[in-house]
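Here chain A shows up in two complexes: once beside chain B, once beside chain C.
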Partner chain A sequence: MGANKADAFVDITDVKCPVTFVKAKVAIEELEDGQLLEIRMNDGEPVQNVPRSLKDEGHKVLNVDNNGDGTYAVLVEKGGLE
Partner chain B sequence: MKYSNEQLERYSRHIILKNVGVKGQEKLLGAKVLIVGTGGLGAPAAMYLAAAGIGTIGLVDFDRVELSNLQRQIIHSTKDIGKPKAISGQETIHAINPDVTVITYQEWINSQNITDIIEDRNYDFIIDGTDNFPAKFLINDACVLTGKPFSHAGIIRFEGQTMTYVPGKGPCYRCVFKDPPPPEAVPSCKQAGVLGVMGGIIGTVQATEALKYVLGIGQLLNGYLLTFDALEMNFRKVKLSQNRNCRICGDNPTIRELIDYEQQVCELKQH
Partner chain C sequence: MAQVDYQELKKGGFMKQVQKSRFSLRLRIVGGQIQADQLQKVSEIAQKYGHGYIHMTSRQGIEIPFIKLEDINAVKEELSKVGLQPGACGPRVRTVTACQGEAICPSGLIDTTAFARELDSKYFALDLPHKFKFGITGCLNNCLKAEENDLGIKGGMKPVWQEEQCSFCGLCAAVCPTKAVAVKKNEKILRFHEKDCIYCGKCVKSCPAEAWQGQSGFLVYFGGMFGNRIATGQQLIPIIFPKDNLLKVIDTTLEFFKKHGNQGERFRNTLDRVGWELLQKELEVI
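For the complex of A and B:
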């Protein structure tokens, strides 16, 4: 996690596209602008697509950490690009 | 509201849309839409609204399913022949989406019951899927008097039309069409025929209007009549203005009570 402290966490490794992004979107909609969400996602299609989709919706991807177990921890700031 | 993974998956293509999202889907799940008539127009409208997750759908129809309905009324199946249309529609909706609550009204609408039906669940939006002018004027007048938005539509042969009424925001059906034509001047759907797909196209436009109204997005067809000619494959959007002399929504309305207009004998004899 580094220095950033997430306000919420969601694990989207238990669902497949497009529910991966949907689940992340549901989690981020519950936050206020400027709050941080940590998302645990699988390597491959999710890590390639979900951060990009979040950027398209105006959220800022602050950090992507490889957890070393086939998953990534992605830290996103709600509305950080708006 | 907490979504299950199944619900997230069911509504994922909505939730992904920026204009819908989680909050929009919650609006849909909390919305109540009344569909009058489960025929050519009401059938596809009801099915798409059910699939979209409109939480409460009211179905008004006194008819029973007949073999001749099945060429266009896709909410009913061959096995449903003889069954009340409202019940057949309810079963199809539940098969599509068990999240939806269906309220059935096995009644002919008239001046005495229409307001009670609209107010039964305090419906947010009404879809006119009827096939006769008395019902269309009745729905219009009832919606104007109760302050409810509704979608009008009609289909015949290869043509269809639809408009949306939003209280205080543009003309009502009576602003444009004034009074029903004399009963003998009007061919009913039964006499004139209709290409089966017409209800699919126009009824789905009506469902789209209901969804947009609930979501509060886009431009509705209030102040416009959308006409569709299937043979020429032409859509036309005709601008309409409010009629200040309209007898129901004008400056000095003279209609204060609902009217039961005379209906064609052939429409009634079968029931």
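For the complex of A and C:
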């Protein structure tokens, strides 16, 4: 986890597609617009698809950190693209 | 009994079966899609004239087995009521296959379905030295396996980065499968090594700031076949845009095959025999 001001955190490295996006979506739905969610996800298919799906739903990726262990920390603003 | 012209029947999609005087009727399906009312008619025909089942072919086709010789005209008439026709067999352009493409699939970069219809209406059943298969896939995920076809088309996207829009979040670097993008967030520097880009469009699709813009284009693969000889199609020319140029490439390719192909010779074998550079030269001037 980077030094950020996330309001919530979810780890989706323990699930596989399509549950990766579902788990991220459930977590972001708990938040209010403008709040930030940090999502830990695996390299490869999850990082290629989950942020794109979040974009399609109007959420904005603010920052992506490579954790150096095959995972990324993706910071997302709820409704940031709406 | 009427004289049976098997060649003519085969040309018209009626495949001779092991069983005497029975035919497996191949339908003209485009891009793997069929209307619901057409499917209903297929079901009716299979029950009334066949054995109550249909066969799904390896290339998105539908065949109705066990059609009797004497029912062929009646079946054709039934099909025409819902706008269906028999498919093609023999030495000519076959079923044009396609994935669902950008109209449906979030990964899609081109409108595969519309393009399959266009190719089908232009080239379906065109006589050539041997069978000729077109396949269209919407993106680099290649669900439709472009390289298995005599001429395979793959949607691609050439990305362009606009610095003023960029938030330097680093997502493009994370999604790029070839690491063609590198972002130094603190210094606000982005490096794009275009020679490593495979035109997958993932940077454009995922960018939250619209800093990556892309132009959809077509990657074309020549000479694929997966029958007695297995060979994957080869990309001879860079990504093509716009679509009109792709159509010129296709016309040139088909003319080339007509001119240089021996009867009964697959396109791949023609290319191997006369030399790939001969086709490449003709394509490069387009």
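One rule holds for everything that comes next: the second predicted complex is superposed on the first by the 78 of 82 C-alpha atoms of A that agree within 3 Å, B and C clash if a C-alpha of one lies under 4 Å from a C-alpha of the other, contacts with A are read in each partner's own complex, and residues count from 1 in each chain.
Assume contacts are C-beta pairs under 8 Å (C-beta built on N, C-alpha and C of every residue); 3 or more make two chains touch, one makes a residue touch a chain.
All of these numbers come straight from a predicted model, not from anything done at the bench.
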Superposition on chain A - do chain B and chain C clash or fit: fit
Partner chain(s) touched by A:67 [first = chain B, second = chain C, both, neither]: neither
Which superposed partner A:55 touches (first chain B, second chain C, both, neither): second
Contacts of A:25 with chain B and chain C, given as first, second, both or neither: first
First, second, both or neither for A:15, with chain B first and chain C second: first
Centroid geometry (CA): angle chain B/chain A/chain C, rounded to a multiple of 10 degrees: 70
Dominant contact partner of chain A by residue count, chain C or chain B: C
Lowest C-alpha to C-alpha distance for chain C against chain B (Å): 5
Common interface positions of chain A, toward chain B and toward chain C: none
Residues of chain A that touch chain C when the two form their complex: 43, 47-48, 51-53, 55-56, 60-66, 72, 74, 80-81
Residues of chain C that touch chain A when the two form their complex: 106, 167, 169-171, 173-175, 177, 185, 202, 205-208
Chain A residues touching chain B - in the complex, by the definition given at the top: 14-15, 18-19, 21-23, 25-26, 29, 57
Partner chain A, residues of chain B touching it in the complex: 3, 5, 8-9, 11-13, 15-16, 18, 21-23
